[in-house]
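Here the chain labels run A, B, C and D in written order, and each chain numbers its own residues starting at 1.
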Amino acid sequence: MTPISSPHPARLSRREALLFEAGIKLGGVFHQYLGMPVAPGTAASVARTIERAVALQPYVVDVRVRLDPSRGGPVGRGRFGYRYLVPEMLDVVVRLRDGPEEVEGRLRHRPDLRYPLMSVVRAGRAPPPRPTGAKGRRRR
Amino acid sequence: MTPISSPHPARLSRREALLFEAGIKLGGVFHQYLGMPVAPGTAASVARTIERAVALQPYVVDVRVRLDPSRGGPVGRGRFGYRYLVPEMLDVVVRLRDGPEEVEGRLRHRPDLRYPLMSVVRAGRAPPPRPTGAKGRRRR
Amino acid sequence: MTPISSPHPARLSRREALLFEAGIKLGGVFHQYLGMPVAPGTAASVARTIERAVALQPYVVDVRVRLDPSRGGPVGRGRFGYRYLVPEMLDVVVRLRDGPEEVEGRLRHRPDLRYPLMSVVRAGRAPPPRPTGAKGRRRR
Amino acid sequence: MTPISSPHPARLSRREALLFEAGIKLGGVFHQYLGMPVAPGTAASVARTIERAVALQPYVVDVRVRLDPSRGGPVGRGRFGYRYLVPEMLDVVVRLRDGPEEVEGRLRHRPDLRYPLMSVVRAGRAPPPRPTGAKGRRRR
């Protein structure tokens, strides 16, 4: 099904490999989108586009991006009245799955740490699939 | 209306200042989005998002982005079956206006030059506004 | 010498084409480097690397980058004790030349405008070359 | 010493947390530097700058970046005679440590997969420190 059984020279459990993958996704979001012009009227669509981009990457089953331009400090006036995407605006939750294992990671600026913290919110067995079809949809 | 009459210490005509601004927009697009995960199913929405971002910037009255993922070389298989945005995929046309002056710039990969060329397609007086309201602009 | 006489479909003077090129360089710097990890001990070397990258681009004869990490707001503690490059840190001056024409552009955050302003500092004839070889250029 | 004992709401072993961190670093490198102008004469210094940037990030004890511009496909001529950084050029090895645990990750383009693969090369106990002082230096 997939071209290779494991890409890792190291021996890793599925859970461990997923944790590595979760880091890749969050590290990538942080470094890809900083600097994009953004305004209240475009923030939601930028968030959707980031979600769709992350959703293409291996193991991702769900991703939710919130983008709050008002957290970007004072805004310019007139033709300078928009902002550039800064870490403070971002709140990203990504969920990855491999077989029964699931990992959920989050990127969120923490004012108390003065730092855009990436953390693992949850790591464990995925909940059993519901009897009906509605499962694993990507929230939009 | 705008906070300053001219941001430039140098003496520039409106047309000259617009040419500088057009370069800013195209240089920015090139360096902002390379590396974004992209696939045939997401390319159009990524293009729209880039358009909306550019449209926020000063003097922009129109912008059109085409993004052709198939120009990104061979694609991986299985879970690697998507691409990262590369310059070859991009075709960006941006139009700027200041008073009666208009400048249109373009970023497009030129295989003959092996180079993502940015060029000025048109610089001159804007066409007079049409009598009816249909301005057909793509300022999303 | 160069593969094409002019890349521009529009009729542009040398000075006008240089203004477009100056915008490309500054727009590119802004959108390329935001988010890089930076600290007081690395800022100078990051600035040199950006200079060398810009100096590769067409028409650039001089570029000077200053990068002040202390202008990035409060810093984290312990292992979070570094910053990510933000526009406030940057001061970039780039000089381009084509024949006798020269253009100098600058990117600098303007607190009064709450905006990373790009402007044209100077546009005109280059000063005649000095009789001796020491032209003091910073083209690294 | 550090402001918080663990940033993770999930229960993670040190080894697991390091795997997440290793992914962050490699995902970040990939998405930060694509598009930088680069040439044979600047590649080594760009690689050093990326190393120093990664070395600022939490848990990193060693990082080695190789950047081969010749793997970027055909180059332009004349004033277009340089390249932009593409994934094919990159080979990045990063080593992280937390207490006795160590993880080594790698980002390298794999032509057979047509994909910039990030993988875990090694995960396990760090070798015991040498009796003399020469330890844990960052290769440059």
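The criterion applied here is as follows: a contact is a pair of C-beta atoms (placed from the backbone, for glycine too) under 8 Å apart; a residue touches a chain by one contact, two chains touch by 3 or more.
Treat the numbers as computed from the prediction; the structure is a model and nothing was measured.
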Touching chain A and also chain D, the following chains: B, C
Chain separated most widely from chain A, comparing mean CA positions: C
Geometric centre distance via CA averages, chain C-chain A, whole Å: 32
Distance between chain centroids, defined by C-alpha means - chain C, chain D (Å): 27
Junction residues of chain B - those touching two or more other chains: 3, 30-32, 35, 76-77, 80, 113
List of chain C residues in touch with chain D within their complex: 1-3, 32, 35-39, 42, 45-46, 48-49, 52-54, 56-59, 76-80, 82
Sites on chain C touched by chain B in the complex: 3-4, 7-12, 15-17, 19-32, 104-105, 113, 117-124
Touching residues on chain D, where the partner in the complex is chain B: 30-31, 34-35, 73-77, 80, 84, 86-87, 113-116
